[in-house]
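What follows is a set of structures for review.
Both complexes below contain chain A, partnered by chain B and then by chain C.
Moving on, here comes the complex of A and B:
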């Protein structure tokens, strides 16, 4: 049986672990404007990134956006997932496909759609100006709000489908039994449904949090030039600054923070669930 | 029906031949193809219309464009520099980028003997590692309906134009140069930009994610001024955007778009054929007519009405110089850092 894992394992080693090791090696090199990078074994790039207030702020923004979007997605996704999971009509397959629909469009195309909607000359501002409700366009684009809207639209289907899969496995009778015993809907949700759905909540949050931490297209296209998250900052160092060692160090900091928070979060929720 | 061994072998060979006939050049014998790493949009389209179709196709050379902005293509060139076979046969970049990448030993020295049009190249634009394709000048674009003609970049710092100066984020280095020159800087000294950029920030200067976004802001008259390429100004004027240009009195640089052949190009002969075609007088005139870029060859005649719009007087030409490539190479990371952390941060 173990041999069956071998092809996938080799693929992961070749396509993920090996490039990561190479990237880690690059992160220990020294940047040189004329030679691109000089071979070295130094933690200077990591120290520079951690000590620089600019990158501290970029990391905090990224964390704030990722946590906020995960929370918004959970709150918005749970009712939709519950509705989808408990649906018994013949439209259930169609509803599932509709939930998946946003994933059929690439991130960049989706962000371009939001730009067409939220821009100064976009559909919303044009409609408001046309109706005479405003005289100058509202600044709907290039701010934190537009980034959150863009990201939530991307990750919501992941949360809904993950939660729905778990809720489907919870027998409806458990909720009915709790209600028969006098539990009000909120109490049934809090005491019965939520604890039973916690593995789904945990999986959905981990998935969405990781996706949000690594947001690139939504941050660049909807946040504008002044809005910075970690993935665009990594890109900036590699592609605009040609500073591969520092870009690699930033990438590893992003990876480490995401990994640590994901493991911590999972462990905390897991402990609560086991209780 | 029985299939003999001989018939099966013949059938396989025919099938293989028909399959490989459709494969790109690297699967067949080399030749018949050239991969050009270039910008898309109007630039890519004009290359297709004026070089690829009329000049390369008759020679039975298929031109494949690898389209991306300059930054990802630079990164690809750097990442592949030690590979035996690279992606590009021809790489199109601005002169500053070409110098930066050329320093990493990426490009061949141009073999001028392989270029029949070599003699027509404007001497001042010659480089050992690249062929000049088109060029333009850095100017200050302004809205003539909203403000009098400015004399130079210093007008951006005038408090009466608070909130009316806009910058394209992708031109961070050029904008830093303009801000430096506005405050007494020089081609080899961008230090004064640190203060003037922060002054501009205090004057609510705006930053837009792309040149197109700057064009939209000029069109809506949200901003009245921006440092930009003359050729862009020409295109925007043609599109009805209310802008005129001034070659700044402080001095500015010319931008030359160049083409080089990477050392690890797979189809070098075809690359030279393409470079030669890019110097064709008709192709160069077409770029001037549509995009407002000046020809890099001496024998490309421009219609007088276009010359009037994009041509430079002798006095204006005196104010233009090539950028200080070495200074930019050494300070590029610092310029980007300041732009991101201090000015935009």
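Moving on, here comes the complex of A and C:
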């Protein structure tokens, strides 16, 4: 029976592990404008990426967006997750489907929706002009704000479903007991609900942070040409720049930074609340 | 207002805002797909369904849809049995290194799509050189990549459905004289069914809507629907594109509702 794991395991090794090793090997090669790629073993690409002010900025933007969006998503998602988890009526199944559905629709479709909402001719500007509140359209699209809104909308369902799964496991009675003993709602939330929901908060934040770091469609479509995040920068190197070693190095920098920060973050929060 | 009322209003208001942000873009796409004027503006000049005909007439969308559908179907048909077998081995056998194997099989979810996509692109180019055949921009190449997407979802969902099941039912069947294959067919498989159905749904949809992993693996003449939509959107959003997107939204909705009749989705996710 143990052999049943082999086909899937070998497939992942062949199509994920081997390509990743190859990509890492390529990141150590040297780029040459004439021959494209020269076999070498050099850290040159990594150094160049880390020292280049342009890519420093791209990485900082990506980090800032990812941290900000994770925080916004947590704050927005928690009440909704609590509501969903504590729902007992027959609507619960429908509410879960409504939460899950946008997640399955795909990022490109949702980015298109935001473009239609936020554009100069879009619904929001048209409504504001129609109401006489503004005379010229507000530049709502192609800036940091529109990217944040787009990403938050994409990752919110993940956060809500992860948090709701954990909150459902917390007996309602613990909250009621705390309230009966005189705890005010904020105190009950801070001292009882939040610590008990912490595994969910951590799992949700880690998942959402990883997704944010790797944003592609929202950044390209809602940020406009001036706005750059890491994932589109990696793609650009392979398609427009043809500098494969440098693109490979950027990919591994993105992967490593994401990994290190998620591990550090979980360890920090875990230690603070473990007594 | 009493403080308790204020709190309740704040809570419900914030929940409403959250769901508005989640649902607004999806609803918006469906709304503008029936606008009469070609340049999207509000309020609409009238309503029409002609953009759906228009979208179907555009080769990139019609063929993109066909390719995405084919790839998603094949990837699901290959990936779900593989993932189910792996989940069965992880849950019901005594092999060593279960945690490591589990991490390996969930790996495709952990590695960012763009990174895995570029790695796979480089790998395909290298392999093309060795075997002297095209892999990028072929159906086989896309299906292989997308099988990678279906495995972690299947392992996760089928494992979850198996973990909640009592092994004693299977043991009882064996004690009563059922042969291993009969036990599997009559006891284990029916118990796994909800997990497998959900895995098939998620696998199909994940593959159908995937953008990041696919970006570099498509080529002229063989593009998936999300990639075709992305390149169109870099210039503008118009009712034709919204019509394509609406078709995708409706497809996902139908799949979800059909699946929900067999398995309660609120239980598996």
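Definition applied: the second predicted complex is superposed on the first by the 264 of 275 C-alpha atoms of A that agree within 3 Å, B and C clash if a C-alpha of one lies under 4 Å from a C-alpha of the other, contacts with A are read in each partner's own complex, and residues count from 1 in each chain.
The rule is short, and it goes like this: a contact is a pair of C-beta atoms (placed from the backbone, for glycine too) under 8 Å apart; a residue touches a chain by one contact, two chains touch by 3 or more.
This one's a predicted model, so the numbers in the text were calculated from it and none came from an experiment.
For the composite obtained by overlaying on chain A, chain B and chain C cannot both be accommodated without a clash. In the superposed model, A:241 makes contact with chain B only, not with chain C. Within the superposed three-chain model, A:92 lies in touch with chain C and out of touch with chain B [touch as defined at top]. Of the two partner chains placed by superposition, only chain B is touched by A:31; chain C is not. After overlaying the two complexes on the shared chain, residue contacts for A:216 are found with chain C alone; chain B is out of touch.
In the superposed model, A:226 makes contact with chain B only, not with chain C. When the two complexes are overlaid on their common chain A, residue A:100 makes contact with chain C while staying clear of chain B. Touch criterion not met for A:145: it reaches neither chain B nor chain C.
Looking at the superposed arrangement, the partner reaching more residues of chain A, out of chain B and chain C, is C. After superposition on chain A, the stretch of chain B that runs into chain C among 6-14, 42-50 or 78-86 is 78-86. Chain A residues 121, 220-221, 238-239 lie at the interface with chain B in one structure and with chain C in the other.
Residues 7, 11, 14-15, 17-19, 21-29, 32, 39-43, 82-83, 85-86, 88-90, 92-95, 101, 104-105, 107-108, 110-116, 118-123, 126, 144-145, 147-148, 151, 155, 202, 205, 208-209, 211-212, 215-216, 226, 229-230, 233-234, 237, 241-242, 245, 248-249, 252-253, 256, 260, 264-266, 269 of chain C are the ones that touch chain A when the two sit in their complex.
Those residues of chain A lying in contact with chain C across their complex are 1-5, 7-9, 11-13, 15-20, 22-23, 26, 76-77, 79-80, 83, 92-93, 96-102, 104-117, 119, 121-123, 126-127, 130, 149-150, 152-153, 156-157, 160-161, 185, 210, 213-214, 216-217, 220-221, 231-232, 234-235, 238-239, 244, 247-248, 251-252, 254-255, 258. Those residues of chain B lying in contact with chain A across their complex are 71-72, 74-75, 78, 100, 103-104, 169, 172, 207-209, 216, 220, 222, 329-333, 336-337, 340-341, 344-345.
Within the complex formed with chain B, the chain A residues making contact are 31, 33-36, 52, 54, 57, 120-121, 142, 220-221, 224-226, 228, 236, 238-243.
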